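What follows is a pair of complexes built around chain A, which joins chain B in one and chain C in the other.
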Partner chain A sequence: MTETEFLLWVRGPALQIATIVFVLGIVARILQMVMLGRKANLAEARGSALAGGLRTMVTRSVPDKGTFQRSTFTIVSGYIFHIGLFVTIFLFAPHILLVDEVFGLSWPALPTPVVDATAVVTIITLLAVLIHRLKDPVMRFLSGFSDYLVWLVTFLPLLTGYIAFHRIGLSPTMLIALHILSVELLMVLFPFTKLMHTFSLFIARYYNGAIAGYKGVHS
Partner chain B sequence: MSKDETLGEALRRQGVTRRGFLKFCAATASMMALPPSMVPVIAAALESARRPSVIWLSFQECTGCTESLTRSHSPTVEGLIFDSISLDYHHTLQAASGSAAEAARETAMEENHGKYILVVDGSIPTDNPGYSTIAGISNRDMLEEAAKGAAAIVSVGTCAAFGGIPAAKPNPTGAVSVSDLVHDKPIINVPGCPPIPVVITGVLAHYLTFGTIPELDDLKRPKAYYGKSIHDRCYRRPFYDKGLFAETFDDEGARKGWCLYKLGCKGPTTYNACATVKWNEGTSFPIESGHPCLGCSEPGFWDGGSFYSAISTPTEDIPKAAVYAVGAGAAAGVALGAMNRAKKQKSVDAHEKVTIDDLDKEK
Partner chain C sequence: MSGPSLEKGLAAFREQIDAPVAAFFNSCMHCGMCADACLFYTETKDPTRTPIYKLEPLRKVWQQEYTFWGRSMKALGMSKPVTDEELGQWEELVYDSCTLCGRCSMVCPVGNDIAYMIRKMREGMAAAGHAPDGLIGATKRAVTIGSPMGVKLPALQAQIRHIEEDTGLEIPLDREGVDYMCLLSSMEIMNFPEYTAALAKIFHQAGVTWTISSEAFEATNSGIQIGVSEIAAELVQRIVDAAEKLKVKAVISPECGHAYMAIRWEGPNLVGKPFDFKVVHILEVLDELREQGRLKITGKEMQRLTYHDPCQIARRGGVLEQPRRLLDMIADDFVEMPEAGVMNWCCGAGGGVSSNERADDLRLKVFNRKKEQLDAVQAEGLVSACANCRIHLEEGLEEYHMDLPVLSLTETIAEHLAEDKS
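Let's look at the complex of A and B:
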């Protein structure tokens, strides 16, 4: 298989397989979670479950003072790399072109040098997050294989993307192929690992908020 | 033109001034990234070089490479240098034909054994030898015989360098490149469809000056010309960095000269000197004329997907796959959910109430 054939495979059949696993997995798992349902609450409602649920989906994004003081590094680094991932994935011109080509949706891109700098910050932050996980005894105790795997498959697309953009080491054809492949790896593992928090996070927040809202209290 | 005439004599006879000659040497030196101190060395070497014997073999090709190298509107210094090598065999350009032509090739190979430069354009069929023959000799046999006595081989054009269009899927003739068949000789690949004329003269000048082949990349291409991608040297690069793209060939972006990435430009994955050396005596290059780069100097460029879709875009129908996946995912999710509910119901049904009597039994 030549480099060009490899790139074509990655852009074609491999992407198809990854898309099917990704979409199928996510839809199946979300439905499974939603269908678990909740026991009917027979108590009289003292507030709106819907309003409470929706409110909590937003308010939980702001850490409370105590948590922030206890886990400053986790929260700050978490924000940086999540925003960094958003910027590099969704505001990089070639990525928007990809979405445009596939789904016909388009939005303005950030200038490439800004995305480039964001990628560097995100890569450094992810490395710091890993070091923190390894050095903190509690974090290390709580971490299993899948946590490190999730870190790796998140890190690889960023790293390969950065290398492909700057064309370091290998031929550009190989670099872009490896970058796409790393994203496909992420897509395949996504529904079956903690990466599902991208979706389940909001479901969980809604449930918490809805329970509190029904009781007429703040969550 | 006598064989003993030096290149300098030949050039002067053809009316090339000393100034013009040195300008060519300086341009060659700078293009090959050599220090200015090398200019006189190149000049001296070229001046006194005996015209080297060059045997040019054309196999499965379209003659576009020869056209590229010879179709200069006014005689350029590069063109004259090219005229001034002893081109002993080139079945398109030579006056002789038939057995006289083949005799010229055999004589040149014999007289200059171990010293001649073998230039090849076109790919070589390995399936049925009858797909391409010259004077009844199969391309493969002719190449292997000519390669034996060559000092170096220059594969001109993408077909000779990588197989090119004849080797594109489904490759009906079993076409291969020169380097697929010849392994024991120095090979310089000068790919492009066609390659830039000055690149081949530069390679020949390098050989005449130093007696060695220039520094090559992993695809055996001279780094001096193929060291940078089109994208890195493209004058439209600032538009790429700003995210300004032409959407069609006739929109505002196209008229303003914005980046052609979205129209399928292969500049980011293509290594060649088009953006700096340019074509037609430095007039322009494809992107400057508003057309995306096809990536013609890269292996397999013909099979690399549409020329008009961006290199990072999928080649298969992804939305269709996604729609099927949503359907299958919904079915799987509902089935799993139903199984979970059944399990839950089963445990509810199996639940037995604990009474005081049951607890008493523990005692």
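Let's look at the complex of A and C:
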């Protein structure tokens, strides 16, 4: 297989398989979760479960003061790398071009140097996050294989993308193929790992807020 | 609770797993923030006491039986099933190291209601025979005698006679058609008869009709704390039967945190139907009387007071503003502790911990969290609205050599009632 053939396979059949697994997997996992259902609450409500649920879906993004002081690194690094991932994935001109080609959807990009700098910051933050996980007594104790796997498959597309953009080492064809392959790895593992939290956290927050909201408490 | 077994425990786990549990487990990224929200971790620095880790056996059952990946691994014989020994190891984490205070549920960035899951996990732990002896004893007494502390009707009647002599007011027993049926915790009957006296004084002044049922006066519910829904339902049913028999408009939950959660929020769900009467917390009743101008107060407490929110009344119960409005009437110098209200720190003895002698040293150790919160405001009096918190607060303050009186909000209000003109 030549480099070009490899790229064509990665961009063709591999991408199709990954996309199918990604989309169907996410839908199936969400259904699997939600369809477990929950019992109707027979206690007289004091507040609205719906309003509480929707509210917590948003407000849980902002920690209270005491929590921020106790978990500063986790919160700040979490913010940085999540925003960094969003910027590098969705606001990088070549990515938007790709979406435009496939779906005919397009939106404004950030200037490439800005995205490039964001990528560097995000890579450094993700490395710091890994070191934190390995050093913090609680996080190290809680973490298992899947936590490190999830970190790795999130990190690889960022790293390969950065290397491909700066054309370091291998040929441009090989670099872009490896970058796409790393994204496919992420997509295939996504529905079966905690990467699903991207979607399920909103469901979790909804339930949390709904349970509290029913009792008239903002959670 | 005849014949507990691992199978029964795991079956109970399966029965408890619902959409929220699946969404919660699926979303946990092991960030560890719940550890810093939990006084059992912050005061021991023991990572096994991280709230989400206390649920590990329940999570395993969810993962192995409710996810594609887990089921595949299980089918291939590549997963380790939950064992009886494992549940035995977790007993200390699920019962001794958690008061169901729900502070972690407020902090989790993905929104996991961890306390909701601990409550569920205890159903499986109890069914598997891994509940603490202290709680098993309290639960047995609650079922057979009617009170976790073994308080019987004659003891209540004796206290009522004393209170009637002291106050010159009647404590109506089994009176039909009144507005309120008051529940009491055993702790209040035996240790704080002043609470019942306060009710008599306040209701007399406000012209509220009320009664205590001789058949269902106990407010607490050990069935919920240990995690046996059948028993919890039986205890709730006694109250329902008494309230219906006496045709009261509402049942008043006393100054007890979990009793309120049990009857107000879990009660109808346990017995499987909505109540025909209302359930209100005493602080809600007092605040309503205040609003209607029926609470006539004279004089104020001059020392600097602060208020400890009982977890199940405030964060898990929704009664947050009422105590503050009431305190505003009677406190000249009221100060809030840092993180008071919905983010308040638990005293360390709720959720059945105080009935579990094995946890005695631990609950006093973690009281250090409360001490630090109190130190920040230099209060001269600590007001609360839960007899269980109160006993533990008093014990904790003594342990840490802090000279601070612990006051009941209801009792303090009764002390400031204006002279009766009638």
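The rule is short, and it goes like this: the second predicted complex is superposed on the first by the 219 of 219 C-alpha atoms of A that agree within 3 Å, B and C clash if a C-alpha of one lies under 4 Å from a C-alpha of the other, contacts with A are read in each partner's own complex, and residues count from 1 in each chain.
In this text, a contact is a pair of C-beta atoms (placed from the backbone, for glycine too) under 8 Å apart; a residue touches a chain by one contact, two chains touch by 3 or more.
None of these values were measured; they are calculated from a predicted model.
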{"item": "Partner chain(s) touched by A:Arg70 [first = chain B, second = chain C, both, neither]", "value": "second"}
{"item": "Contacts of A:Met35 with chain B and chain C, given as first, second, both or neither", "value": "both"}
{"item": "Which partner, chain B or chain C, touches more chain A residues", "value": "C"}
{"item": "Touching partner for A:Ala109 - first (chain B), second (chain C), both, neither", "value": "first"}
{"item": "Contacts of A:Lys194 with chain B and chain C, given as first, second, both or neither", "value": "second"}
{"item": "On chain A, the residue positions that both chain B and chain C contact, one per complex", "value": "28-29, 32, 34-36"}
{"item": "Chain B residues within the chain A interface of the complex", "value": "218, 229, 240-243, 245, 261-262, 268-269, 298-301, 303-305, 309-319, 321-322, 324-326, 328-330, 332-334, 336-338, 340-341"}
{"item": "Parts of chain A lying in touch with chain B, wherever the complex brings them together", "value": "2-5, 7-8, 11-13, 15-16, 19-32, 34-36, 93-94, 97-98, 101-103, 108-113, 167, 171-173, 176, 180"}
{"item": "Chain A - residues contacting chain C, complex", "value": "28-29, 32-39, 41-44, 46-47, 56-57, 60-61, 63-64, 66-67, 70-71, 74-75, 78, 133, 136-139, 141-143, 147, 150, 192, 194, 196-197, 200-201, 203-209, 211-212, 215-219"}
{"item": "Contact footprint of chain A on chain C as seen in their complex", "value": "17-24, 26-33, 35-37, 41, 45, 47-48, 50, 52-53, 66-69, 105-113, 116, 264-269, 272-275, 278-279, 315-318, 320, 338-339, 342-343"}
